[in-house]
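What follows is a set of structures for review.
Shared chain: chain A. Partners: chain B in the first complex, chain C in the second.
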Partner chain A sequence: MILDVDDLHAAYGRIPILNGVSFRVSDGETVGILGHNGMGKTTLLKTLIGHLSATAGRIRFSGTDVSRWPSYRRARAGIGYVPQGRMIFPALTVYENLRMGFIARGDWSEENAVNDIRARFPRLDTLLDRAGGTLSGGEQQLLALARTLCGHPKLLLLDEPTEGIQPSIVDDIIEILDGLHRFDGLTIIVVEQSLDFISALSQRVLLIQKGTITRELSAEQLSAGALADELGETV
Partner chain B sequence: MAFASIVGLEVVYAVAMLILVSLGLAIVFGMMRVINLAHGEFMVMGGYAATLAVHHGINFWLAIIVVPPIIVGAIGVVIERTIIRFLYGRMFETMLATWGLSLFLVGLMTVIFGDDTEGVPMSLPGLHIGLYQESGYNLFVIGFSVFLVGAVYAFLRYTRLGLLARATMQNAPMAGALGTNTSGVYAATFALGAALAGLAGGIIAPIAGVVPTTGGSYIGQAFITVLGGGASALAGVVSAAILFGVVDQAATFATNAVFGEVALLLAAIVLIRLLPNGITGRFFRRSL
Partner chain C sequence: MSVGRVVSYGVPAVIGLALLIGLPQLLDLFVLLQVTLYVVMAILALSLAFVWGYGGILCLGQSAFFGLGAYAYAITAFNIGESSLPVVIAILLPTLFAAALGYLMFYGRISEVYVGVITLTVTLILFNAVNSTASPEYRIGSALIGGYNGLPNVPSLNFPFDPDNTLQPDDVYMVAMATLLIVYFGIRWILRTRFGRVLVAIRENERRVEFIGFDARLHKLAAFALGAGIAGAAGCLFVNWGSYVSPTIFSMIQSAQIIIWVMVGGVGTLIGPILGAVALSWLTAEVGTQHVINADILFGGILIVFVLLVPRGLVPMLTEHVWSRVMQPRRKVAVAAKLAAPGGRA
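== the complex of A and B ==
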């Protein structure tokens, strides 16, 4: 079990957003989270990475309670986060953005980590000297993903990675994530509005409504095409 | 020809002094957006650190170049941890707090050192050009300022800590989510700014002497230069210092030092009127 979320509550000021979210994710699993706007999907990821403090509940990552840890400690422990809107450092070059993602771990040097990622993201390799802020939306999304992967996370949190992205880059992202999942055993939690994207990647899907997980769909249900029917009823 | 050379050196010296005085503030205000009204007192502390070091028998060059940034950088860490870190993003409160800090430091230094001017003796041979002579120490100040700009540029551009500092100042939450201890980076960056202010104070001490109340005379020049330079901390300070230094010295040679100061202020007003975001708001936008 890489992630165990138990009765998690979070709020913006006095406005509660998460009202007791509980779920578990196994090593190497890919889990999708679906829900209407304002139901708490992004807030859930922000709480998992530590951008928002949990007001109650517990987050255990690889068996350790990280609920009170600042975000940098969670990242160093192996939680990678690709936020909605990408949050590229606009004045840094693409290469510097990638270097920012490096987290010293094991024998990997910064140079090795960045070179490995450059090989996985050939589209970025020709843009290394460009300022991050000058890239297209799709290129920025690739960069945001590549930057996080430079830190070799064990768990990847992805917030709406296809939002406003051209289809060819969405295909690239699916291919890269599928490869990381299949061959590197990366665990992924992805928040998405695109059913095609989430179906292509996820082994199971959690439906979130009003800050709680209301339903779970298994891999079998997903492959049977029941996701769209289920969503039609609940989301 | 000799006169023109001397005038040229004096202009370059004025530019170098503006860079020296402003570089620490360029980091603290230009990068971190912290309005540090105690910047001048940081310089004065650097001056006192140099003075005390020389009086205790430490080599002159170590006393003015090494001791002040270490002492004032360490004080900067303490001030950042105890005062500044609670005020990031709160401009008005930061101004009030650093203004109070400025008054406190002036009072503290007056109690400790008195209000007599302390000097740092130095002797460097001058440079003879025709019938004229340029102070050897002025030439050192020019050379050292060039070195310092290069060193700060190299630090910010090529070191891991420089990268972390630039990224953290652009988007601290994202830097944190990538594993950067942003609180530590803020403390280190503030300490760098304080150390540069202390270094400037140490370098200037042999020329101007040190007295607790002299900080006020530096802070105006520093803020005008940093604001005139705009968003890019380093390129902004260098470009604004060149503009204001040339205007100041040209007016000084044409009239006197008082009109030189007036011309500098007028140039700053015109610049801000024409380029509200400073020089690097229009030019050299991608520079550091």
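== the complex of A and C ==
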């Protein structure tokens, strides 16, 4: 069990957004989170990374309670977060962005990490000297993902990675994430509106409504193509 | 090492060393004293250039650390009678003060605007506190603080642990110039380290930096304290330049001037603030010799002109526009040669 979320509550000021979210994620699993706008998907990821403090509940990552840890400690512990809107460093070059993402862990050097990512992201490899802010939206999304992967996370949190992205780059992202999941055992939690993307990547899907997980669809249900039907009723 | 890097380090190093060695031979004492002041102000400008231009911390009260360095040196030099330890204290005291203040601000998650307000307020508090210590009972050891009268006849720098061998004005110039070179190349080195890269990324976006595993608060605190230490060193040299320090060193005008130097030279550069400090300090001195226009009005006018017409400052403007015009013909020639080559497209 890499992540154990128990009765998690979070709020913006006095407005509660998460109302007792509980779920578990196993090592190497890929979990999708679906829900209408304003239901708490992004807030859930922000609370998991520590951008937003939990008002109650517990987050255990790899057996350790990280509920009160600041975001940088969670990132160092192995939680990678690709936020909505990419959030690269626009004035830094692609290469500098990638170097920034490196987190020293074990004998994995910065050079190894960056070279590994360059090999996985050939589209970025030709843009290393370009300032991040001059890239297209899709390239920036790839860069945000690549930068987070430079930190060699154990758990990757992705917030709407296909939003406003051209289809060819969406295919690239699916291929890269699928490879990382299958061959490197990376655990992924993805918040997404695109049913195609989420069903291509997820082994199970959690449906979130009004700040709580209301339903869960298993891999079997996903493969049976029941996701769209289920969502048609629920979301 | 690439040619570009050799040039970018070599040219300032050669110019700096030439000024360090050459100017004392070329200039008379009065002019050399003036140049020493400009060099001290350039060090002070670099302290803010690092904190604001690279760390993104808009410190409106950099003169607080400048003044603390000056007073720390003066008071300890009076008490000890030798300058080696006072120099260290002049750097350490502002560093520690900034570390304490920075801890409260950055770990308290105070927003950028309020950081500016707090630093300015601290400067004004120091100004008023020191200003009201004119009575003889305000003394630290054998040093009378002097309040608004200031502290005159501050002992000069001496060769380390040799109080009888004090530095002459040309020696003080060389110490100041050497300090400027050390600070300039030191900051450039820091910016190439991982710490420096994280600092620049924090300037871009603090939250993003935390998401990728760096404690932004700690990095900002370290940068803020380091900038204060540099300002303290400048304060120590300033008090040696004039053998005198007064509370005006903490004044709002002094704080504003540092910001104007950096803005005019170019935020996010190092050469720019040095040039801004030297040029505007020279201008202040020149304007002070006549009575046609008030120096503060002139500074205000310069600030308005730069904010409206050259918002990024002189050096970024020159590097972007002039440099691109110089390079453009070369590019055109290269493109023309490419097109003329066999297989080149017309």
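In this text, the second predicted complex is superposed on the first by the 235 of 235 C-alpha atoms of A that agree within 3 Å, B and C clash if a C-alpha of one lies under 4 Å from a C-alpha of the other, contacts with A are read in each partner's own complex, and residues count from 1 in each chain.
Just so we're on the same page, contacts are C-beta pairs under 8 Å (C-beta built on N, C-alpha and C of every residue); 3 or more make two chains touch, one makes a residue touch a chain.
The structure displayed is predicted, hence computed values, not measured ones.
In the model built by aligning both structures on chain A, chain B clashes with chain C. Contact with neither chain B nor chain C is seen for A:Ile174 once the two complexes are overlaid on the shared chain. By the document's definition of touching, of the two partners only chain B reaches A:Ala131; chain C does not. After overlaying the two complexes on the shared chain, residue contacts for A:Ala56 are found with neither chain B nor chain C. In the overlay built on the shared chain, the residue A:Glu96 is in contact with chain B and with chain C. By the document's definition of touching, both partners, chain B and chain C, reach A:Met87. Residues 49, 51, 70-72, 75-76, 81, 83, 87, 89-92, 96, 99-101, 103, 147-148, 151 of chain A touch chain B in one complex and chain C in the other.
Residues 49, 51, 70-72, 75-76, 81, 83, 87-92, 96, 99-101, 103, 147-148, 151 of chain A touch chain C in their complex.
Those residues of chain C whose C-beta lies close enough to touch chain A in the complex are 197-198, 200-201, 204-205, 207-216. By the touch criterion stated above, chain A contacts chain B in their complex at residues 49-51, 70-72, 75-76, 81, 83, 87, 89-92, 96, 99-101, 103, 110, 131, 147-148, 151. Chain B contributes residues 160, 163-164, 166-167, 170-171, 173-183, 286 to its touches with chain A in the complex.
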